[in-house]
């Protein structure tokens, strides 16, 4: 079976111009560096990591809003990066995105109904009546009352807008959904509904999710696999269980360690990561994480660590994997 | 970006060539010929024919175009068919008043219109908004000669502050020049104020509802600062566009104003030359205007990037 | 699905009836400005259409009664050859409004098309906008004279000669807004939703640019009427015996002091029409403004 | 810039000086410019007598075949070189190639030679009564005397050097076509001893500088005059005159002694005006009073002049003239078998009498049953269009209105509108052997009584064939600040002898 | 106890439209003392953001009205304060982090400038100095390479970075009250922890009071002193944080806590949900607004609206079940 989404050796740099017309020079930000992963149909890959490490950029490349500098993106066996024109447009139906910003991505002049109906109209899915029905169904599914059909995004709260974005992504029944912080603005009860919905849909339609999130508990609930990114690279990748239970990379460990308490009594001063976060514009030689890594040694400042398999399906990029392998019991202690 | 600018400058060559050829063609279509005008009302047909020959106007169109192009490439724009004065000299004589008038007008217009537009967007039901609207309607619908007449009547004939007409060249002192152009500049800027203020208002209304304006308020910035620093800059692209368009049009000459105030500018030179079919002058002028438009448009496009970093070409 | 939605009949029912038309009616009812300005505009359109029945022959000269001020018999006075300013103003509405609307619509439609395409596609920008640069510099006067020579004088020629140099200006204005708007996140979202280029341009980008476009259009509308006079003067416009507001104002200019009514009445007509068009533009803009939109009322009751 | 002590006369001329060759063009502005910088051999005085101007003396042989002209002493061009007989010869030859009378003169000339520096001999092949009329011609084209070097320029190529020997020197570098022409006093000019009279007599430049400021807009010019920014305003639109009445600082005076004749010019080559009957109908249609009144209300400013000649002309006669009669005109149209071919009017819309007269003409023609198709245009287009001899459906024309100065309408010989030599005639190309024969006789006649009879005969013939119709005579007015003194009463507005108080 | 820093009394926010006015937030009262952290939690769309906007005085005046007893900040009623007085307070004593980090930044101004601006405005320092301070603040919120990033435009930053810029802006002048509307949704947990620590530091050092709006009960657990639970525009429960986690009284609160707890359990197949959705505001006239979705609803719930009543010291809830013994959550 061809995987729903296959990303190979994806790289993206941004040349940020400094000063008007770049007269003060350019700064090249390496936002994504040689990233590869595969998401099978009916599976969910969670992308987690440092803020600014390139998750959104990957998502944007996957839906082809950004053109990668290198690498390929294959959707259901078809190279997405090669398509253009009408073929590309048609193919877009298979890959939809929930945007990180629930307001900027909604046209302020369109009613909620028109927003959700847009992919249906564009991809010619169903006649007007079917579309009306489908939009209403989607509103129900994401928990938006039908009275909101005529509302403009301006008149909705953050969570309501986010649900609108989700409904739109679901509308065309795509094969792959890139969900960029799709549930961040939702309260826990709605979030539960949405997460269940996503799972149900996956079961029903076989949709694959590329799920970008900072909320590790959500990731653990929803994802099958997880990829941890740091400064544009994947530093650890593996089945959710394996990664949560036995994180191999020190950054992953720090992430898991930093999950907030679930009860006020459990508050404590966590061991926050110290050290400078290096700039994506001036990556250090060797391991990008070494500036903050408690285990860093000489080799880390010389050679970038390769992604090596730790155990079945679980790989990490660290020179000190074995020294570091610990069997922390997961999230809460 | 530098590459972009260079590209645009290079692109000016085909643009100007196309304009040159097109104008040549247009002129050949236009009835009436300069020989007839030169000969005057009483001339007989043979006399006209003889003049036409002496001006080489009897040559085929293509031949004339090629000859003209050849001369032009060597920097020779020819002589006026009438006065015999070199076209370049004629244009140099006329460019100064036009340039000063255009600058003055646009400065007046922008300094008045932009604040008006801002305020009338910010207080859409306030007195400023209503007055601006009324002014804009008058600015759009009153021909400039009516405005000019009113100004002259009050400020020149009545109060005697400014001259009724005429232009004092820069060589006689900047103050005199500016003084002589106050009324014309105000008269033309009336329309421009209307246009710029309305565009500013429209663009600003669009921006005012953005979240970052709310952020600016949340920072406790004074309204004036919010409007100028945050709102205006985000609304600037259409405003700059209309200013650019207006400025280019002003440089292209404002015939009526120049006529009414008797200013020897490019606008009247253009109109007169067209009307008397002074081909070399018309051609050179239109090429000049094309160059101006190309330059102003390029400047405007560069300005976009300066005000809005998201814009790219 | 586990989510059971509270079915909420009253709210739905209300919302469903809220079609654009219904919203518009409701909107109009609440806005006297809209009513007044569309009233004025309709009145003028009616005058223009009905002028053959409302007014006498606008071409009849009567030298002995030239330059007479408004009076009971001649409501608007007479002009420099003794023609009735009233008759001419009424008849003038025909040409003027016709030219104004035709030019405004032509300019806007073509300018918007050119502008959005140029603003959206880089290649089109380089090619089309350079062509526009070239067109911009051709004086309307020259074009008009040439066109008349080529095809004879007709309303089409007037409209063309005035529109052609205006189109690049409109296009630049549209393009400017598009350059900004095409970088907006919602446009990207629309692309991923499979929006065809035209729908992205027309549905997502154009409404955001509507404000300045509308202003420009009303300006073109007014200036076309004034320009028409200049063209008539050059023979490109209407025949000298057919009045237009522009024509009348141009002729009345010499008599501004002596007989201000010659210029005054057509100018008043023009101002009223421009005012109502401007007000309508504003109201329309307000209707389009999502932050003020009445759809918030969708939750009322 | 003028120094403070300089006296400057600021004039708003009626038009723009587009060019400076008074021979190549008949443009009146160029003519007026010519009077500033050039001098003439003869000139017309206030009472229409031709007087020597550059000449010390002249004589004609008893057989009327040889004319000898002796130049005054100390005549010099602006560049200092003396005016010689050779200059005169060259200038007259060039003029003779273009001017109507000049051409006639040259046709009869056996030789034109410079005997010495100051003497010119003109030998004719037969006696001609109009030699002085030609050389003292007040209006276009005036036989101005220019340096031989310049006068050698082919008559079809415009000269660009304004060096002459007249009372003023043109400041070429201050000339801004379309805006300003500057003349300064010619310090070396030696005026004649006689008192000034019309274009003749002593010409003294009494101001240091004359500036022609072309103010295209009449309203602006009026304002400028009221504000004292100009001293003289040529061709005041008659409707402005009442506004100047009460102003003590401004007075008005006739601009020239001749006035102008409005001309209703028909194209006699193509239908409908190729039909003499239709032209006869027009003859009954034209009501000069009505035409004039549509333009001027003040009866002193126009004249219903029942003649092809100006009322001030010695040849004036109302022989053969009819009273306007619209009913008769209508009848004649019906009789003419008019087939509905549209009368295409080249309607120049530039303000002024032409526009108004066209409007009136159109209305009257409609009233008598002609189909009228006015085509608005600028004067530049008009002069181009009127050269076409095509029928109206092929871009031709039927009618235009024009207003030549009275000087061109004084006598049959120089008469612009009466010329009926077919192709060579003025636009409209009337063709009538009889008229031409009478005109030739007129030219050769030397006796005034004989001439008057011939002029009457020509008029009688012309009313039958209708080469054109006069549509009223108008007088132009110029307004000046009350401190302007000494403006000559002449056939042409000139600026010598004027001083500022 | 000292006088509270902020006291909101009987605040009602209603939507004015051509059809009348519709309350979205109803009779809300709460207070915050200096140095205290109050967390506002509640269903999406229940009016949290509107409340925040009302406090800082930035509701869209043309369609929204805030009315009621008053909003007293440092003893002064903000509802009746004049525009200039409000302006002086905002950004200085009263700062807010908006929920929409992307659209809340000016797209055409460098982010450093956007931060320094507020310093210049209220402190009158030189541009230079303020810019240095801006870089320092960006560094504090853990933006790498802060000096260079300060010169970036918002579109060049990632979502989390923009959010941190917003936070830096709000912290710039160490306000007396910081309103943070979901400030950390785009931050990964390590950065989030650092940013929260930063706010906490501010609170301890300068006595800044914090009104924190969040959906993340983890953040609540970490930060809150007290928690106010809103439902459909009304306060339904208010309690010190430990009490709330230990003894949630209102069924809605319990639902929320259940939802988060089960997510923490490994290997759950399906999350339990609170059935139904928030009813539209218009229908809230009678009875308890939560009744339709409440598993414990009684007949009275549909008829009479419960008022906020005490449930122990500093703990109150609005529920007819208030007096029934509450089970400890599992």
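Lettered A, B, C, D and E in written order, each chain numbered from 1.
Operating definition for what follows: contacts are C-beta pairs under 8 Å (C-beta built on N, C-alpha and C of every residue); 3 or more make two chains touch, one makes a residue touch a chain.
By chain, UniProt protein names: A, E = ABC transporter ATP-binding protein; B, C = ABC transporter permease.
Small disclaimer: the values here were computed from a predicted structure and weren't measured.
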If you walk touching chains, what's the least steps from chain B (ABC transporter permease) to chain D? 1
With contacts counted as defined, which of the two, A-E or B-E, has more C-beta pairs across the interface? A-E
Chain whose Cα centroid lies at the greatest distance from that of chain A: D
When centres are defined as mean Cα positions, the distance from chain A to chain C (ABC transporter permease) in whole Å is 49
Between chain C (ABC transporter permease) and chain B (ABC transporter permease), distance of the C-alpha-averaged centres to the nearest whole Å: 22
Taking each chain's centre as the mean of its CA atoms, chain D sits from chain E at a distance in Å of 92
Would you give the residues of chain B (ABC transporter permease) that are in contact with at least 2 other chains, written as numbers and ranges? 30-31, 145, 149, 209, 211, 275, 308-310
At least two other chains touched by the same residue of chain A: list those residues. 101, 103-104, 108, 143, 145, 147, 154, 193, 196
Scan chain C (ABC transporter permease) for residues touching two or more other chains and write them down. 2-3, 5-6, 8, 11, 145, 183, 185, 208, 234, 253, 256, 290-291, 296, 299
How about chain E: which of its residues touch chain B (ABC transporter permease) in the complex? 56, 58, 87-92, 95-96, 98, 100, 103-109, 117-118, 121-122, 153, 155, 166, 169
Under the stated contact criterion, what part of chain C (ABC transporter permease) meets chain A in this complex? 1-3, 5-6, 8, 11-12, 15, 18, 184-186, 188-196, 199, 203-204, 207-208, 288, 290-291, 293, 295-296, 298-299
Partner chain E, residues of chain B (ABC transporter permease) touching it in the complex: 210-212, 214-223, 225, 229-230, 233-234, 307-310
Spell out the part of chain C (ABC transporter permease) that touches chain D in their complex, as residue ranges. 59-61, 63-64, 66-67, 80-82, 145, 153, 232-235, 237-241, 253-258
Please name which positions on chain E make contact with chain A in the complex. 41-49, 99-103, 142-145, 148-149, 151-152, 156-161, 163-164, 181-182, 185-194, 196-197, 215-222, 224, 241-242, 245, 255-256, 259-261, 263-264, 266, 268, 270-274, 277-280
